[in-house]
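Letters A, B, C, D, E and F mark the chains in the order given here, with residues in each chain numbered from 1 onward.
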Amino acid sequence: MQTPFFRPGGRGPLQLRPLTLAPNFVQTAEGSVLVSFGNTRVLTNATIEQGVPGWLRNSGRGWVTAEYAMLPRSTVTRSPRESEKGKIGGRTHEIQRLIGRSLRSVVDMHALGERTVILDCDVIQADGGTRTAAITGAAVALGIALNALVKAGTLKQSPMKQLVAATSVGIVAGTPLLDLCYEEDSQAEVDMNVVMTENGGLVETQATAEREAFSRAQLNEMIDMAEAGLKEIFAAQRAVLQTS
Amino acid sequence: MQTPFFRPGGRGPLQLRPLTLAPNFVQTAEGSVLVSFGNTRVLTNATIEQGVPGWLRNSGRGWVTAEYAMLPRSTVTRSPRESEKGKIGGRTHEIQRLIGRSLRSVVDMHALGERTVILDCDVIQADGGTRTAAITGAAVALGIALNALVKAGTLKQSPMKQLVAATSVGIVAGTPLLDLCYEEDSQAEVDMNVVMTENGGLVETQATAEREAFSRAQLNEMIDMAEAGLKEIFAAQRAVLQTS
Amino acid sequence: MQTPFFRPGGRGPLQLRPLTLAPNFVQTAEGSVLVSFGNTRVLTNATIEQGVPGWLRNSGRGWVTAEYAMLPRSTVTRSPRESEKGKIGGRTHEIQRLIGRSLRSVVDMHALGERTVILDCDVIQADGGTRTAAITGAAVALGIALNALVKAGTLKQSPMKQLVAATSVGIVAGTPLLDLCYEEDSQAEVDMNVVMTENGGLVETQATAEREAFSRAQLNEMIDMAEAGLKEIFAAQRAVLQTS
Amino acid sequence: MQTPFFRPGGRGPLQLRPLTLAPNFVQTAEGSVLVSFGNTRVLTNATIEQGVPGWLRNSGRGWVTAEYAMLPRSTVTRSPRESEKGKIGGRTHEIQRLIGRSLRSVVDMHALGERTVILDCDVIQADGGTRTAAITGAAVALGIALNALVKAGTLKQSPMKQLVAATSVGIVAGTPLLDLCYEEDSQAEVDMNVVMTENGGLVETQATAEREAFSRAQLNEMIDMAEAGLKEIFAAQRAVLQTS
Amino acid sequence: MQTPFFRPGGRGPLQLRPLTLAPNFVQTAEGSVLVSFGNTRVLTNATIEQGVPGWLRNSGRGWVTAEYAMLPRSTVTRSPRESEKGKIGGRTHEIQRLIGRSLRSVVDMHALGERTVILDCDVIQADGGTRTAAITGAAVALGIALNALVKAGTLKQSPMKQLVAATSVGIVAGTPLLDLCYEEDSQAEVDMNVVMTENGGLVETQATAEREAFSRAQLNEMIDMAEAGLKEIFAAQRAVLQTS
Amino acid sequence: MQTPFFRPGGRGPLQLRPLTLAPNFVQTAEGSVLVSFGNTRVLTNATIEQGVPGWLRNSGRGWVTAEYAMLPRSTVTRSPRESEKGKIGGRTHEIQRLIGRSLRSVVDMHALGERTVILDCDVIQADGGTRTAAITGAAVALGIALNALVKAGTLKQSPMKQLVAATSVGIVAGTPLLDLCYEEDSQAEVDMNVVMTENGGLVETQATAEREAFSRAQLNEMIDMAEAGLKEIFAAQRAVLQTS
């Protein structure tokens, strides 16, 4: 029998960390949100540029992509800059591809037209769940940037069809937990990310056994927990978008 | 209503492509398998080296990792070499991390001891499903290489606890299909990879909406199909391992 | 005769932009300050690591160095990441060398012992004067980090002998101005950075003619203005260091 | 006096290793040959692309070039990938330039027109003589690809004027030997590559003293041996080209 | 009290090292000067190319830029090539930006028209002051190259409005010295570079405290010394330009 | 019938260009020679470092290697620096490997002991034959550097067993010519480099058909011409080594 696991801060298994979405953290970007899940803080900035990558030229369709980086001291032990190392690591690539796919799933590319939206997600402080926080924050930054195009009369309505958000779930000491912090994540047997649209459609589910393989029953329980958490997150996103 | 989709070659929705696992394709490697799923062919070679990466030194534990590359003409249109471009792309990084995690899930690292196994997966010809073929072939190459250590008396028994294999499933024109070829994959609404151990545990499930979000019901149906296909694949792996 | 130049926001020629030094912006670093001069905001984090670069090994002396980067959307038009480009540009190199030299000038390297302090200066929002803001903020982050070593009993007293700070001056439309914002800087005939220690010693003076050569008289007037501004900046630095 | 040298497998000094040229090993390429000289196996694939490098644009002339790489486990000890190292080594550069020059010597560039042919030579298993095997196989892959253009009616006749092939010769323990395997090559005093056209013209001769300088007489003897071996190789090439 | 410092070779504090400017050292360049200050020797070659960087296109204005490198054995201990390391270091970037800015200050970019001048400064032998020697030599190479355009009738008059030159000053053992050699530079408390135009305008002044902060009085004394030395240097430049 | 070819400067087919070997061009290196063949000028500097590459450690044997680079304006049209491009091209790699092999052929590695000699060959001005000039000059620089070790008492006698030198030959308009300049080289049908030791042993012969294949008779004639030229070159090398 496993020792029961007590969550740092006494959180319940189904409880999200305190979530804030601070809009307009930076004035230089078309859309900007500093998202925090507990001690995890990610600055997400949206840039809208004219034009699209080569393979979309003259298609009438737009493109949405993302870049992700961690500041060297976002972590308790300093990590070297990828610019110093001269190349981007595998983990970074994997994460920025996930963020890009997630956001593309809720944008009508024909309505966007031949524009490229870049979501820069820079981790200011890391305590687990940076990729899901980045998706959650970037969705709001994207919404703000596209709404601004509507206000400016450039577009008739926002090409963002609905919200998208993400959260993590995991199994720690045999117990499924929502929204893992770093300490929990580093001990998890299974780690899962769920990306969902506001109307409940699944965009991406990635479950990974870190120590032990998992069962279909465990997979289903984890998705149930993620869905519950994501409803709270969508509410927070909507609140910010309506007022900014 | 969607136009029904006819699979190339007239395959049924639940039918795998012809699978072969040719052992000892290369004599220079400790374990070598040329795996084919239809026209997809991947050469998987296992190397066993003394020593482990720095963070495992003096831990008594081993390490298993993978590298993945496509030959320039594995594809119908030539793709430039990553060595010429001077850097490895995001897709490659994502795939080799997935292969490494999958194989580590079935190896007892203490039994392996301070050795590193590298699985080189080089795509000779690509027609969809190269990453799942690579996992499937590499598991056998790994088994051969570890069995050789047992035969040589270096290890008492193989540190490979059981087999691991992978397959893809997807939804094309509303229909779930097993083991997508390239033509199917490029039209899929949802694309999923399932990595499973021989005893039925899930190691990795990654489902991605390429066009439309998917439902819980669809997710479950896809995993059911993958499990069925994987049983056939495990049988093929076992057959090769027993005779080589 | 030149058209007189009116400063954005109606600032006087000798007036600094509003200056804030927010300590502990990040909890993960040994010392952390978010410094703002008007709309220019730089996050400066101090890391203290054991050991020194090879050429100082067994010398009993420490080392202080800096890294500088701009977030892609710190600027009104997005700038590509240096990690994506795979190399660090000349401007970045020049700035991080300047920051490193400036901070080394006020640290007693024997008292520091064989430790390396890295000052990460990441520009969150850029509106001119990012390198001088970085020096000013990093000096406080360094002070906080070294004071913590004293509080922890690791060092008897801080190896930081005094404060160091920096400001810019320039000649715009014939008029010398203190603390240039971006709009002013882009029109300046001469651009100067002055790095000074708290007791009035000069550490670095760099004056560059952008359009027209400048005279000895102009050089002297610019340094006078910088010295006046730096007194205010030292006061702000001291206020933060005493309370954090 | 030197100890006489016995060739592995009991080959005579003038005897080639078993040679096979397997056409269409890959279906994705315009021309594909898996060439084997004993245990040395190289996959050579020809790609024909529209257009030429900048310096040939609007010249009416084509271009033929080659890329060469070794799979990590083509060798008995694994060699790291050049894509992982981020740069291509000197040996690789030297070899791919040699392959390109050799093939260009038998192609009528005006008849080819503004097309580029790329010969990808990937070493599957290495046992000496990979560069000469690559030239020999690539010539056949090139022939197949150009013949296909003729069959398709794109070209009236093949721009390949005649065949080209290559072999190695060396002096081991004082004895000249044809077609060195790795064990022989590593002990050779002199190592020579000869590239010849079907009608007996020399395209490239490179003789290198690895330990001792060599004489004119030795040089001549080595070329004689190479010419004899090349006649057999041309016969094998012709046999494949006529039937594929 | 400090030990008085005796200059190598018995130079007086205000005495320049022997200066030579050998024109046409290389015949392949539009302008070529081998400049020597004592043992410091820098080959400076000017190239004039049609066209300008993107941001100047269709502006009617030209551009002047510089590249700087040290031969590996220009130093007493060999330094690795930056081409081998695959990237250019911070010091090199800093120096080539300084050379470029200095030369641009004396060129009328409208008169130059849409041409780019590249000044290659390659250090043959280094004994301190390579960057100031490079500016001094490159100004003459630039003058020669532009005069040739006038002689050829391409331009009516040289776009070079006046000469520019540079020298170093420093404080060693408390004493200000002109034109530091390496031995002096490595012991200097303060190191300063002054770039001046022929008519006495300052283009760039960079003073850096290497050990101790410096005072306004010391700064002024160093600039006075530099101005005196630069008068001699301008005379040498003029002598060469009039005869070549 | 081909138009007869007149050599620039009226040279006879068997005539070398004026050859000079200026020793001690740089004082900073252990051995330094500026070698000129007509307008081709290469600075060759020898560095002797303690220690050897990893694979020779504790073998008691030394190593000799070379690096080769062209200054950007050594050519009539400026070539970009390889340090700027961030990688070394194939031609450079090929040449520096050739230079290294050539010099290793005349050094007794046991007598050298665990030292590494690096020959830096930097092309100041290029007019054909830079690689053969580099070998010729580097051999003298190497001799000077090793003789200095003998004079210093570090070695009892020089580990250089004899001289080595190189020259080019080619066939231009059907006529074999010695020591091609750039204009000749660019029109040559066949291009050959011959590296020979002082006692007449061949170290490397590389003959390449640039347009037409060549015959055995032509190959022999070219080597005859090279041998004649090399005798003159050895005399020049000996003259310098005896007096420096």
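FYI, a contact is a pair of C-beta atoms (placed from the backbone, for glycine too) under 8 Å apart; a residue touches a chain by one contact, two chains touch by 3 or more.
Because the structure is a prediction, the values reported are computed rather than measured.
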{"item": "Minimal step count in the chain contact network, subunit A to subunit E", "value": "2"}
{"item": "Chains contacting each of subunit D and subunit F, listed by label", "value": "none"}
{"item": "Gap in Å, rounded to a whole number, between the CA centres of subunit C and subunit B", "value": "51"}
{"item": "Gap in Å, rounded to a whole number, between the CA centres of subunit B and subunit A", "value": "28"}
{"item": "Interchain centroid distance [CA atoms averaged], subunit B/subunit E, Å", "value": "60"}
{"item": "CA centroid of subunit A to CA centroid of subunit C, Å", "value": "33"}
{"item": "Residue numbers of subunit D (touch at least two other chains)", "value": "86-88"}
{"item": "Graph class of chain-chain contacts, one of line, ring, star, complete, other", "value": "ring"}
{"item": "Order of the ring members, counted from subunit E so that subunit F is second", "value": "E, F, D, B, A, C"}
{"item": "Subunit C-facing residues of subunit E, complex", "value": "87-91, 93-94, 96-97, 101, 105, 196-197, 199, 201-209, 212-216, 219-220, 223"}
{"item": "Sites on subunit C touched by subunit A in the complex", "value": "26-29, 32, 39, 43, 45, 47, 49, 67, 69, 71-76, 78, 81-88, 118, 120, 122, 124-126"}
